[in-house]
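You will see two complexes here that share chain A, one where it goes with chain B and one where it goes with chain C.
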Partner chain A sequence: MSRTKGDEEEYWNSSKFKAFTFDDEDDELSQLKESKRAVNSLRDFVDDGDDDDDLERVNWSGEPVGSISWTIKETAGNSGPTQEGREPKNRNSFSYGQLPKPTSTYSLSSFFKGRTRLGSFQSLSDALSDTPAKSYAPELGRPKGEYRDYSNDWSLCDTVRRLRKGKVCSLERFRSLQDKLQLLEEAVSVHDGNVITAVLIFLKRTLSKEILFRELEVRQVALRHLIHFLKEIGDQKLLLELFRFLDRTEELALSHYREHLTIQDPDKRKEFLKTCVGLPFSAEDTAHIQDHYTLLERQIIIEANDRHLESAGQTEIFRKHPRKASILNMPLVTTLFYACFYHYSEPEGTFSSPINLKKTFKIPDKQYVLTALAARAKLRAWHDVDALFTTKNWLGYTKKRAPIGFHRVVEILHKNNAPVQILQEYVNLVEDVDMKLNLATKFKCHDVVIDTCRDLKDRQQLMAYRGKVDKGSAEEEKIDTILSSPQIRWKN
Partner chain B sequence: MAAHLSYGRVNLNVLREAVRRELREFLDKCAGSKAIVWDEYLTGPFGLIAQYSLLKEHEVEKMFTLKGSRLPAADVKNIIFFVRPRLELMDIIAENVLSEDRRGPSRDFHILFVPRRSLLCEQRLKDLGVLGSFIHREEYSLDLIPFDGDLLSMESEGAFKECYLESDQTSLYHAAKGLMTLQALYGTIPQIFGKGECARQVANMMLRMKREFTGSQNSVFPVFDNLLLLDRNVDLLTPLATQLTYEGLIDEIYGIQNSYVKLPPEKFAPKKQGESGKDLPTEAKKLQLNSAEELYAEIRDKNFNAVGSVLSKKAKVISAAFEERHNAKTVGEIKQFVSQLPHMQAARGSLANHTSIAELIKDVTTSEDFFDKLTVEQEFMSGIDTDKVNNYIEDCIAQKHPLIKVLRLVCLQSVCNSGLKQKVLDYYRREILQTYGYEHILTLHSLEKAGLLRAQTGGRNNYPTIRKTLRLWMDDVNEQNPTDISYVYSGYAPLSVRLAQLLSRPGWRSIEEVLRILPGPHFEERQPLPTGLQKKRQPGENRVTLVFFLGGVTFAEIAALRFLSQLEDGGTEYVVATTKLMNGASWIESLLEKPV
Partner chain C sequence: MAFHLRPDAPELPDFSMLKRLARDQLIYLLEQLPGKKDLFIEADLMSPLDRIASVSILKQHEVDKLYKVEINKPVLSSSEQLCFLVRPRIKNMRYIAHLVNTDKLAGRTRKYKVIFSPQKFYACEMVLEEEGIYGDVSCDEWAFSLLPLDVDLLSMELPEFFRDYFLEGDQRWINTVAQALHLLSTLYGSFPNCYGIGRCAKMSYELWRTLEEEEEGETKSRRPEIGHIFFLDRDMDFVTALCSQVVYEGLVDDTFRIKCGSVDFGPEVTSSDKSLKVLLNAEDKVFSEIRNEHFSNVFGFLSQKARNLQAQYDRRRGMDIKQMKNFVSQELKGLKQEHRLLSLHIGACESIMKKKTKQDFQELIKTEHGLLEGFSLRESTSYIEEHIDRQVSPIESLRLMCLLSITENGLIPKDYRSLKTQYLQSYGPEHLLTFSNLRRAGLLTEQAPGDTLTAMESKVSKLVTDKAAGKITDAFSSLAKRSNFRAISKKLNLDYKAELTLAQRQPFAL
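Up next, the complex of A and B:
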């Protein structure tokens, strides 16, 4: 098992060892069932021979192991882990402990040397009768594959069948365009994506782009497989060329746009998004893509500015509420929340002002109010909350209005632990009486509950509520006063 | 060991044994001590067919999860990678192999691709310069994995996306291969029915494979009478709705993976006296859920609202059984009681577990939000207000509920309206992109391509016709003692299962019009049997139909098919196969554009 470094280097540097080519890979892997018998019988054979050096050992090409010719080839083929690994199919049948001289005569490659023939062995006797002349070890790559291919001359159907069984065989034989297309059609007709892809790889390698594209355009199944394949391997360039050729402009645009996800650097990502603007997206998407670009552009400016402010330590809001994460690549609504949190009162002219964001991205009123409310409530800036819902009419009267409905306002305030006085104020603004009563009860706004019951003249409910307030509290007292008031005409 | 697989009409243990044998054969090929490096995704499915003990018997001494950089040290002769054929995994394997070469005694590497070798992956290994390092590169065609006595799954999470978005037929090919394996073990299936483009292709592949194997006549007496192949895109609606069976809800809320569920541990803390102050366990409670557990088999397919009463009845029976000990007077009686104890203990443990699970689920189903969501779903499915922007969905977006939940509802609305009005669709799109990020343009396009979220074309809404003809909405549903499959969604009868039901009686000819509206061709094929293998059905003997869902199936649909199997006069028993067990959330998740 021990290999010297020299061996390895010899392998890597020797021109004899061609880079392993995919197509010519040996095909016997899947025939192991048949060969297993052969392997097993050989194991017994070797085991028995352990202490019997006279017994001639036979390697997989049928040569007696240890013969001179064998040893030479063996040395040549002693090729380091890569080569060793790729061949010794049948090594499994030998456990090293059983091998008498593992480092010399019985080095590993002796067993894989002829492995390429394994599949054609039906039994040990086959192996023995095989001609010992062929040398496989030094040229594990293409020659043997070609040899087999040409000698057997697989038909179209056979080739596809072999591919399906996971045996890889050379497709180089298919030279003319017509042959190649027939091969593709045969592959498509068996529906095996793996085979279709294999043939497509071959066509991609051996046909010019123009011809490949042209032929696939009329072969939709194969075309879809090629698109999927190009996506898988990330060959963005060819994919875009293909879409362009097919005039599938929207897919082209989307596929180009998808690439931005792989770009980490914000400035580079921004520049990339800029190249997406103007691509042939659908009308609605065009606006979104433009917004995406503008948003990131803004975020980069805001981020740089705020990081600076934060580290300078002079700005109160950043001191009191250090930023949890960068704003880069956050969604628009999150960015708006951030702006409402850190930059609420800025003049409209700045990039980070919430109003500016609202206008630039045409954020609907509802969305804006919700977000601003959540941000200001979180900071317990009740004054801002108040201002958010106060509108002045032309006479100068103020009025409270909420585009999202005051019940939602109350829920958001409660979620942000607003004090009861504040909650109460907004619960009172809920128009639907039942909903008002529900919310008031849920959030323990006693005054609202009590007053509402009084207004509804609902004595029963008020009495029931008396049990829910603290004994001896001001609320209890208030309820008692109301209950005993002679001025109210209770409905029950 | 897996007795529950043999409870049904078809003994699926035969299949399990066959795949175990194949696994042993592979392990024996790599002689000597071994370490297995696992693609983590595979450990779940493998767990259903083999325990570690089997691997250990074949000299597997260590197991690792596949991750980057170096392999952990292990004094073994063989390192075997068990992986799905995925390019990103090849990169990790190459990293492992390359960092291995530089140190210590070298070891033998092997790869086992599950379920298939992929030329693309091998090409990638070659590009990375490690292909030659592997002695065995083989495939393990674990196409269909037996999950229960009547349930098989390929657990191929990308199958829907591949079939309906990428138009990659590889998983269909695997499905066909899986069906060929089944036929080799259980006999040729004489009749094949199907609906949908993918169904047609799988049938074509099967017929072709059969032609190619003509050399060996299948002499197994056929167990299945029919095969029904159904495309998921024939019924996009069903998985979008929230499942309301017990098993379906467990899956919706906690996610069942390879028949295991992980639950919050608090409810399962041992309540022994004097230990109340003990710390609560922090690790999730892991439970296996299958029909091997008597109680679970009884309640899994019930509507959740019917589970409580069963549990309380069981509790009474078990208490009574334990009380019996006071009546045991003679030695014989005591002996008898003691002999029953283990069974009773197990029943009590099972009851305790399911009571806890039911409590956990009840916390969710009684919440306001769950109720609101269900109301909206039911409105859509019964055809109410599907053509305008829905307030609840709007609120969910405003409150930034999980994107998957939002998409699921929007898609449901789209499917129940045969596509949304352009204005409504544009509104949802903008809200979603602004709230969850513009990159989801890609997600929305995927959903559109899959037919889940799209604009209405031609201004025609076909859903009402389909709903009425197939009776998809039943107002008078009985959840406790159901009389119709609609109980699994408390009113909605899953379209897919309705198609199976109508096929068996009175036949699809009665619904030709609807079949034409639904996408893809419908067809029937026969595989002639030699006279010796033709079945002579006894009077009253049920047919066995294998329903294969291409693109995934939900537990609620399986429950509905089991309900049909159990009908007195149903005449058909069903076995279910699928590319993936899924629910609406895991389904949408598989279509999501994931940021890198």
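Up next, the complex of A and C:
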């Protein structure tokens, strides 16, 4: 096909296969850029794949572009001035786009040249009559500005900026690993967690997990976001794989253990806890997990047993103090309290005996005494309370000792409305004199106050206290007797 | 807060504009769905919403019924249009999706609108898409970021910030912070002086600057009403937040819980059979005088005030008609108001005192003092042990342990193990997870053997690679944390005896 110079110009200036001429003016560059984007977006409809017959592109010699024959001609024709070979040399550097000079701002169809198509596009191209060439692009009457929103070709910074503003932004074009990582790094530099997560969602979808994990291992900020994201959407499987990959054994174990909270059925939960025992916890934590399992196991047994007893209605303690709640999933101390309340006198062999619990879980004396005291005091079983603190020393004498401090004992007794005589007995056992006096005064243990004041030889305080006791009471008499006693050498 | 103004201080900016903006925005969004609609609100947003737009305003804009978003509970609304006002959390998305999909299965189509506050997250969109309801709901953002709680106190009302950032390291709310700052600088002028300390502070500042620069030229140059801004990361000072509160406002919060600047006083306080919701801010004249006072002074002060009030009432005995008329028209209302407030606060005081004596408050304070000043360490530790053994309160036990850990740069391993075991036994074995979280957040740690300064330095020097930049920052910040609390105390001359620094807890405010 021979062509005149004019034709040639026309060809170069209106063909799809246009050279990028550097003598374009600067202010046109943005127009071009945007046209480039427009073209790019069109490419998405138009360029549906090389095997799409309808939209086959052909060059002037009638050969379909991209076909083998065309390529061969291309390479061969680079040196000759033949028309066929006159394809722009650097065409190949544009994987997506050419920069046609816009001859009309509203219709891109004039940019396209190609084999005339029968069918729907025919009429459209006819409508755009100012170009002689037939076009096959669909009519695009939308204004320039709008193309921006539908285009896909934002730079890295712009993409991240759009994400930060919450705009719709497809990340599909970041296909190479390098592009993806650059995108991620840009997102991290912006500090916005929402953007970082958005990019991670995309990477999770488009990268194999091994690659993803490997890359995130050295990117702490992004890694944290991924972990949090996986936790939030509940992708436990991937989360555990991630921890395994990172060799974070403890977090792996904890994450697995955490699942038990979602299991409501006690037996299932117990079974699940059993599987947790073998997890890579630290030594102490393994012991705790073991205890958790053992505790739940016990509670299931106790609960079943007690529910049976309660409904049978024969056991006094359950009749007098019906259970308010199930013992399942309660802490150990609460379970111990329960055992001391309902099963105090049971022998060591039973599952619900407090002593058994103490031995199994290695409950320290302090804790045991405190809990047993609270339980027995609630039941007003003062003899049991007594027995808790009474020990026989080697001479056979009984003595009262407490691992928790008698002031605590007094407080608990008082909270449970113990009678004054009982309170008094224990207040007397408080070693620290000031505390003893304080407590005695607070709880109105008159005898103790009186005796203590006498021991301290504190006349003033005794006299002051006289006003607090009932008129004519035995205590008042006692005070008077002491005050008038000549044997005491008062301090004040 | 409501500090007492110095005579030469400039006027406070008018923050009520923030409320109006938020309200107008919400109304606009509601009107995008014309017609009657039911509004589902997330629990966390209910109090702030109350302060911004009352129920009557909502009803004016065709909101029919209000419901609380309750996961796992069936939805009883029969309205044709449902509107959800939620935070951008995945569990909320699943809740909404469940609702919509149930409707779809039942063959029912309604209109659904989701209003995200303060913004929508991509993860939420992903879930909506996954659940197949992306096209069935319309999404909007209610960019409410700052709520004025008092004339000089703004709050973002984002309690989840702490956990998301300081525990999980998720930076999702940094944009929200930047947006809030941007809003402030747009309304009140750009702040000329900015100072900060902490990693999050730096990131927020940088993102905010980015926002400002993007919109250069749009902001009119006006005289800034806010001169200085200080960014402080919470983890720079956990101690303040962990101490017991001893000023009146703090104790009211402790006892009754102040939400968004208002509190619910029950019948025992109001001396009637009704509960009353009271707004606690600078407008309550009685409250503003006692809020920052140490509790021991408050009761005396209130009694004195009550006596004065009585004296004022008694004045009317000696008045003639004209004076009486004057009195009734001018003063009586004010006196009645004051009387009402006084009796409320006295009632509150009584409740607080009752609760605190029951809880052995004195000993608690004594222990805290010991921890802050660094004496009687063993006693403090045994107090904590006992506190745990007695199952007093799971939160308070943890609070004390964290205070011990921070003031002592971590618990000694023996104590850590024993207290942890006791805690698990007292409050439940699942708290193994709690301890792990607290350790990650730096609140309750164990002293590692050989964790001297030199050991830390050599650890840091080994990490000198680009990729480990994050690790270096972490190492340095943990170094900063480990820099002795006591040393800082001394340097800043913090005197706990005077109890000046036992400041009240603040919501996460900027």
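A few comments on the model shown:
To be clear about the criterion, the second predicted complex is superposed on the first by the 329 of 492 C-alpha atoms of A that agree within 3 Å, B and C clash if a C-alpha of one lies under 4 Å from a C-alpha of the other, contacts with A are read in each partner's own complex, and residues count from 1 in each chain.
Convention: a contact is a pair of C-beta atoms (placed from the backbone, for glycine too) under 8 Å apart; a residue touches a chain by one contact, two chains touch by 3 or more.
What you are looking at is a predicted structure, and each value in this text was computed from that prediction instead of being measured.
Looking at the shared chain after the overlay, A:L156 reaches neither chain B nor chain C. In the superposed model, A:A381 lies in contact with neither chain B nor chain C. In the superposed pair of complexes, A:N194 makes contact with chain B and with chain C alike. Within the superposed three-chain model, A:V218 lies in touch with chain C and out of touch with chain B [touch as defined at top]. Look at A:V277: by the touch rule set out above, it reaches neither chain B nor chain C. By the document's definition of touching, of the two partners only chain B reaches A:T262; chain C does not. By the touch criterion defined above, A:E232 lies against chain B and chain C together after alignment on the C-alpha atoms of chain A. Ranking chain B and chain C by residues of chain A touched puts B first. In the superposed pair of complexes, A:D291 makes contact with chain B and with chain C alike. Judged by the document's definition of touching, chain A residues 161, 163, 166, 190-198, 201, 221, 224-225, 227-229, 231-233, 254, 257-258, 260-261, 284-285, 288-289, 291-292, 295, 329-333, 361, 363, 366-367, 370, 404, 408 lie at the interface with chain B and also at the interface with chain C. Taken in their complex, chain C has these residues touching chain A: 89-91, 119-123, 126-127, 141, 164, 168-175, 203-204, 206-207, 210, 214, 386, 389-391, 417, 420-422, 424-430, 432-433, 436, 467-468, 470-471, 474.
On chain A, the positions that touch chain B within their shared complex are 1, 3, 20, 22, 25, 29-30, 32, 36, 81-83, 85-89, 91-96, 140, 161, 163, 166, 168, 190-198, 201, 221, 224-225, 227-229, 231-233, 254, 257-258, 260-262, 284-285, 288-289, 291-292, 295, 329-333, 361, 363, 366-367, 370, 404, 408.
Residues 29-32, 77, 87, 101, 105-106, 108-109, 116-120, 122-124, 126, 129-139, 162, 166-170, 172-173, 176, 201, 204-205, 208, 212, 395, 398, 400, 426, 429-431, 433-439, 441-442, 445, 593, 595-596 of chain B are the ones that touch chain A when the two sit in their complex. Across the complex, chain A meets chain C through its residues 161, 163-164, 166, 190-198, 201, 218-221, 224-225, 227-229, 231-233, 250, 254, 257-258, 260-261, 284-285, 288-289, 291-292, 295, 329-334, 361, 363, 366-367, 370, 404, 408.
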